[in-house]
Amino acid sequence: MTPSPFTSALTGALFGDEDVAALLSDTAFVAKMIAVESALARAAAEVGLVERDAAERACAHLSELQVAPEALGAGMASSGVPVPALVRALQDACGQDGDALHWGATSQDIVDCAHMLQWRAVLEVLEQRLAATLDALAAASAAGADTLMAGRTRSQIATPITLGLRIATWAQPLIALEAELPALRAQLLRVQFGGASGSGSAVGESARALSDALARALGLEPAPCWHLDRSGPQALGGWLVRLTAALGKFARDLITAGRSEIAELQAGTGGGSSTMPQKSNPVAAEAMVTLAQYAAALQPLLAQAAMPSEERDGAAWALEWMALPQMGMAAAAALRHADGLARSLRADTARMGAALEHGNGAAMAETASFLLAAHMPRQEAAGCVKAALAAARAADTTLADALANDPCCGPLADWTAQLDPVAAIAAAESMRQRILSRRQAR
Amino acid sequence: MTPSPFTSALTGALFGDEDVAALLSDTAFVAKMIAVESALARAAAEVGLVERDAAERACAHLSELQVAPEALGAGMASSGVPVPALVRALQDACGQDGDALHWGATSQDIVDCAHMLQWRAVLEVLEQRLAATLDALAAASAAGADTLMAGRTRSQIATPITLGLRIATWAQPLIALEAELPALRAQLLRVQFGGASGSGSAVGESARALSDALARALGLEPAPCWHLDRSGPQALGGWLVRLTAALGKFARDLITAGRSEIAELQAGTGGGSSTMPQKSNPVAAEAMVTLAQYAAALQPLLAQAAMPSEERDGAAWALEWMALPQMGMAAAAALRHADGLARSLRADTARMGAALEHGNGAAMAETASFLLAAHMPRQEAAGCVKAALAAARAADTTLADALANDPCCGPLADWTAQLDPVAAIAAAESMRQRILSRRQAR
Amino acid sequence: MTPSPFTSALTGALFGDEDVAALLSDTAFVAKMIAVESALARAAAEVGLVERDAAERACAHLSELQVAPEALGAGMASSGVPVPALVRALQDACGQDGDALHWGATSQDIVDCAHMLQWRAVLEVLEQRLAATLDALAAASAAGADTLMAGRTRSQIATPITLGLRIATWAQPLIALEAELPALRAQLLRVQFGGASGSGSAVGESARALSDALARALGLEPAPCWHLDRSGPQALGGWLVRLTAALGKFARDLITAGRSEIAELQAGTGGGSSTMPQKSNPVAAEAMVTLAQYAAALQPLLAQAAMPSEERDGAAWALEWMALPQMGMAAAAALRHADGLARSLRADTARMGAALEHGNGAAMAETASFLLAAHMPRQEAAGCVKAALAAARAADTTLADALANDPCCGPLADWTAQLDPVAAIAAAESMRQRILSRRQAR
Amino acid sequence: MTPSPFTSALTGALFGDEDVAALLSDTAFVAKMIAVESALARAAAEVGLVERDAAERACAHLSELQVAPEALGAGMASSGVPVPALVRALQDACGQDGDALHWGATSQDIVDCAHMLQWRAVLEVLEQRLAATLDALAAASAAGADTLMAGRTRSQIATPITLGLRIATWAQPLIALEAELPALRAQLLRVQFGGASGSGSAVGESARALSDALARALGLEPAPCWHLDRSGPQALGGWLVRLTAALGKFARDLITAGRSEIAELQAGTGGGSSTMPQKSNPVAAEAMVTLAQYAAALQPLLAQAAMPSEERDGAAWALEWMALPQMGMAAAAALRHADGLARSLRADTARMGAALEHGNGAAMAETASFLLAAHMPRQEAAGCVKAALAAARAADTTLADALANDPCCGPLADWTAQLDPVAAIAAAESMRQRILSRRQAR
């Protein structure tokens, strides 16, 4: 396969995302850098560093200018940053008004600000998709509020839950992530302005005013220089990794629940095989798992990037470029798949019901145990249930029947009624609503 | 070396931390699990599931009970969790009052709650150390506010900054982390109560009341079951990784600034060599870098843990146990070292000054360039400065002298005065204060 | 849980391993360092650097000496390596003969050599366990050579295989790892001798002879100094990660095959629940998956350690100490669990047979498709099979019946006989033998 | 920046590599898949599964066919693999001869074989570059065989070495990697043929013969199916990570040695700054460090990919696609940079000599210590040297002078002559030759 799976003609539609690819493209990045240079020129005029007219003329030139990424590739390769080549191109385009550009800035100021503008746009797309996916999950959860199914813990059938609760648990970490978006934006979308060594000294006393004016012009938070404080990129990465992991969990459960032997849930359309006519592979869910593992693997790079040497560090900083856009694409693609799957969940309630009867009704063993505990010590109760389960298996009947037929336990409860899994709906519904209400409280 | 570097008799004093090791020890963990079982018994009485007197008698038994971790090792190995063996031990100790214990809980409820109690205590230690380290850095930064030194970007001498600013940039991410502690606690320190499959169904309608009562008893946030929502552990891990990375950056800079050829800053006491009498190795700083890289490597495990299968997953959950205590120890040890280094920073101002004169005064080239730009186009100004630098090197004089002697540039400024690095202090001081004021605003 | 899960009284029996813990203990490490110092003294005598008698007397002292790790902890903390404190302790014990010790060596020489002696012993343990596990898997594979089961690809029932083949695929990567052990040992178990800066200059012309004599004395490969060439530790880490991953795959398959709804394979004894009487959790297999993920996460640290700065780097080197012993313990524990599981595999052949009939015999769809392709174009054949599968589902009969009843396909084959899964045994057996013969060829 | 840094118009020339990008492109991959299908058709004819004439006609069609990656994108997205869409496209192109194609193969067979063909070509490129880089390093090492410089350990000046030795240590891990290439190829470049569930059952008794014929046709090693044994991809990843790490160490040393304050070594051409006229940033070396960290971070994904579920696993397998091509590109780009840097190394011997005099000649302290140890106990000798160093510093003279002037030590050696660093050349030269001779022995 290709070193560029997100944008490849072959794999982009599976692992990538058109919308976010456009926002994170070279072209978009160059355009944002030009926007930052324009804003900086106006800000420099605002604080009196350059003439307002010159700045406006320069901005007029830039507003019509498109610089092809290809034109900056050689400069990027020789400088390790695209800004020297870009500034030359912009100054060439502006003629003598070009002197109004790039006052007091270093390459990192331009690149980090441009990235923040890109991420502002990407986060809007992700927020919309996240909201849509949560809406779909909430609807599916409500629809499954009364659908009993077997909870599975540690690979084994445990006790009854509802489909609605399981779907709510898929939504649970996503709700937290949605709620954290304002704080993430406040921490991330900050103006970057520090000049050569982070003090803004090239513009002397004007540094702070210039930084603040630039922030206003770009709609970013005013902030001290963060050349060396990568809290924002780390927080972004953490949010993206948590997002892809939450979606990966959803996907992993879909793969399991859609296994041939379980087949309780289907979603989306299955993928075909090159040799087996019957196959319907969980392609989208598999991709979500892949993307989650991939995004997680990149996370340590952001910690490395947060350990730059001295005032700026070319090797450390570039690690963010190798990790964050990739995480963003993974998140966008995973959310797109998740949305499609959440909207197309199809439950096989018959199979869900059958699973609850698995093992002669073992899923009700805990309930039986607590019912008996009202009449005897709890270890004794657990022992009676184990014995009844063994009896049920031997006679191929249900746990309820075995308990009813047990001379000791039989009279202690209306076993058939009280071991009906339907009794588990109330607790599951309460938990389901508690989870989802965290979002409705918005 | 040992598989247990944090608690080893050989390496514990370097890589570990006594205070946090005590809080994260097996003994402390078992004690916290017993505390959780006590609180659960009282909460069960409060909501009417068990008799108040029985609960109180059980708690009285537990309050005097110590269970050795060794006693639970075999049970842990056979169950994958320590709780079944612990509950048996507790019930044995309580006699018939033991039936008041462990109502409606699953192992994960007890373990996660106990972990939260441990982390509450660990975060207090870390917060105190973080505050002390920030105090020390703030003091050192203030003391160095007027000490000029050469900023280095991409391994090269760039422009003048102050020692105070550099120290402030070490504090910068730590200030953010300190400010985030309340939000981290709110997200992390939540009660865990879900029972077998996360719905609390074993206690039926009482589940929510029991969960909330347990939260009150433990002083944890009330919350829906988070068996499957590992937002809290992930947020904790993210905070710890960012902390160790921020300290790793501080340490890396100390190692560089303390190199034989630079020798601008020393801190702590150097380590000896087994063969070279003159060596004074930066042992504590090296350990901080090691710990930062180590903690970062573990972070993807928390994303894996956030992708559990179905209602509970023994393999995924245990990944948190392999990552979080280790990250906590790394953070504690790194903070301890950082505090010691921050308190003992010793600057060699003569060497700092000499570095600013390096390369015939090249550190002032940017300043010169901006001064000339008031009189000529900026590309021309940059060209004049490059020519003057070359002339200065050829004549082994300073950039200021070369510019003063240049027939074109000479008259345009008072080069000796205006290229005095002291002019850079004001901007550095403004940025320094802006960075540190984020903390003072607490 | 604890920061030291491998040696904890609570978790050591699950995640750790007594045998390897003893070999990797602080005590063992100190003993090996003393052994290296003894060997170095004798080697120094051999090449004429010290008097043979003095060296022998020193070795006699050392042969009876035990140095407690605790006694070196403070020295480790101040120097970042245990050797200066150790050498002082040894010289104190040897009196004036102590001058025969530590000629020309730097700390890293002693530590790396001691580690190699430890790893030589650990690899012997791992090799024995690996061989035993492979023996058990080979036996189980042979026993299941005729046991048909459904192959599953991408979570779905695919085509018939044999249990024997599946077990053989678990063994397959282990066979490769076993075969690589000689090459691994040759690359890893090398003498380390470089002195202060890696040239051995402290002993001048004797450096190479001393290094080779030390290699002979320790039974390590002669080699140039590898202070900076971490090929050996990286190769070791790669081997350990591949080993734990291969065991993790085995474990993951056991968890899946032992699920309540599949229940085709059981192994070992299941773990109990604190609340559900019926549970039998796959504790050992879960631990194997956890250990595999954990070991994999540490691997990047070895690449970091392979990028040391200049002649030696305290921060980078120590990363090996944070990763390799942990990986070794994970491998040892995982192998111990694997051996137990491999020896106790229990197949439910009835359930395996039932799974093959799943989906009206869809597992035979590929076979049917190839049979028809002898009589018609392959796309047409695939279409006929899909139609027959749909017909079989509608009539709740088998694919073979549906094809037999199809007017077009019916005459083309003896469908009942030719779609008997038993036909798949031959190919599976051939592949099974081919896989396992790689080992038998030893 | 972009999610596709290796192929981006902006960053590709820095982080990527044209030659390897072409070999790993979508177009190349599709072409290799077609080549595999052709070879499979001929192999099927060879073993009698299809008619030789039909196979030849199909191959003739395929030999002229180009399938655009775009044409397979939708099929990739729906199937998770490109093969079903490709086979349809090939069969369409072949008309009725299309039935000769894809006998007995599953998607993974085609994809893995195609990948192996790609990696065979990539490894040839990497081998050539590695050889060229080693040639350049060997030449530079020989040229620096007599150039004394200060070895630095743990950030401090240690003892004298030669530039030739330092360069040899950069080559050392590369020599090992070059020597391992035959073994890597034997382990990696294997035919993949297993059919749907890995037993080759679709072609019954012909499976092994078909697999072997396919191997011959493709020039790959015959092998049992390795759908589940990812030893080869893991070994490839390990080799690539070790390669990029070794180059990262070289680069890191260049960055340090080229620092403004050290300036002992330069290589390549420095990158410009957008604001500082004097800067010459180590762009290529920084990129090499970035690429090394990036490649290392991806390595755990290969362990995840080696833990597939059951007979095939869509999510795990795809992790190789997210890691290996990226690692290959990183290695190719890093090697290209390394080659350029190795060819352009420029030493400043004056500065190297000056560093040896640093600290009043402390770099000779170890030598002095060993000289004195011939006349007194070693601890006493070390004490005398420390005292002499202090005296030298106080008097601002050299260690040799201070020892010569010491009444006790003065007579024991000809200090000026015996502390001449030139004495260290012999040992360094011996080690240098020993390291490089490992390659010459090829």
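In order of appearance the chains are A, B, C and D, and numbering begins at 1 in each one.
The rule is short, and it goes like this: a contact is a pair of C-beta atoms (placed from the backbone, for glycine too) under 8 Å apart; a residue touches a chain by one contact, two chains touch by 3 or more.
As the structure is a prediction and not an experimental result, all values here were calculated from the model.
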Common contacts of subunit C and subunit D, by label, are A, B
Contact-pair count is greater, between B-D and A-D, for A-D
When centres are defined as mean Cα positions, the distance from subunit B to subunit D in whole Å is 33
Per the C-alpha centroid definition, the whole-Å distance linking subunit A and subunit B comes out as 24
Each of the following residues of subunit A touches two or more other chains, namely 80, 104, 106, 152-155, 158-159, 195-196, 202, 255-256, 273, 275-276, 281-282, 286, 289, 293, 297, 300, 304, 313-314, 366
Interface with subunit A, subunit B side, in the complex: residues 80, 91, 96, 98-99, 104, 106, 151-155, 158-162, 165-166, 169, 172-173, 176-177, 183, 187, 194-205, 207-208, 224-231, 234-235, 238, 241-242, 244-246, 248-249, 252-253, 256, 289, 292-293, 295-297, 299-300, 303-304, 306-314, 366-367, 370, 373, 377-379, 423-424, 426-428, 430-431, 434-435, 438
The subunit D residues in contact with subunit A across the complex are 1-16, 21, 24-26, 29-30, 68-70, 72-74, 76-84, 87, 102, 104-107, 110, 115, 195-196, 202, 255, 269, 271-276, 281-283, 285-287, 289-290, 293-294, 297-298, 300-301, 304, 313-316, 318-319, 321-323, 325-326, 328-329
The subunit A residues in contact with subunit C across the complex are 150, 152-159, 255-256, 258-262, 273, 275-282, 286, 300, 355, 358-359, 362-363, 365-366, 369, 382, 385-386, 389
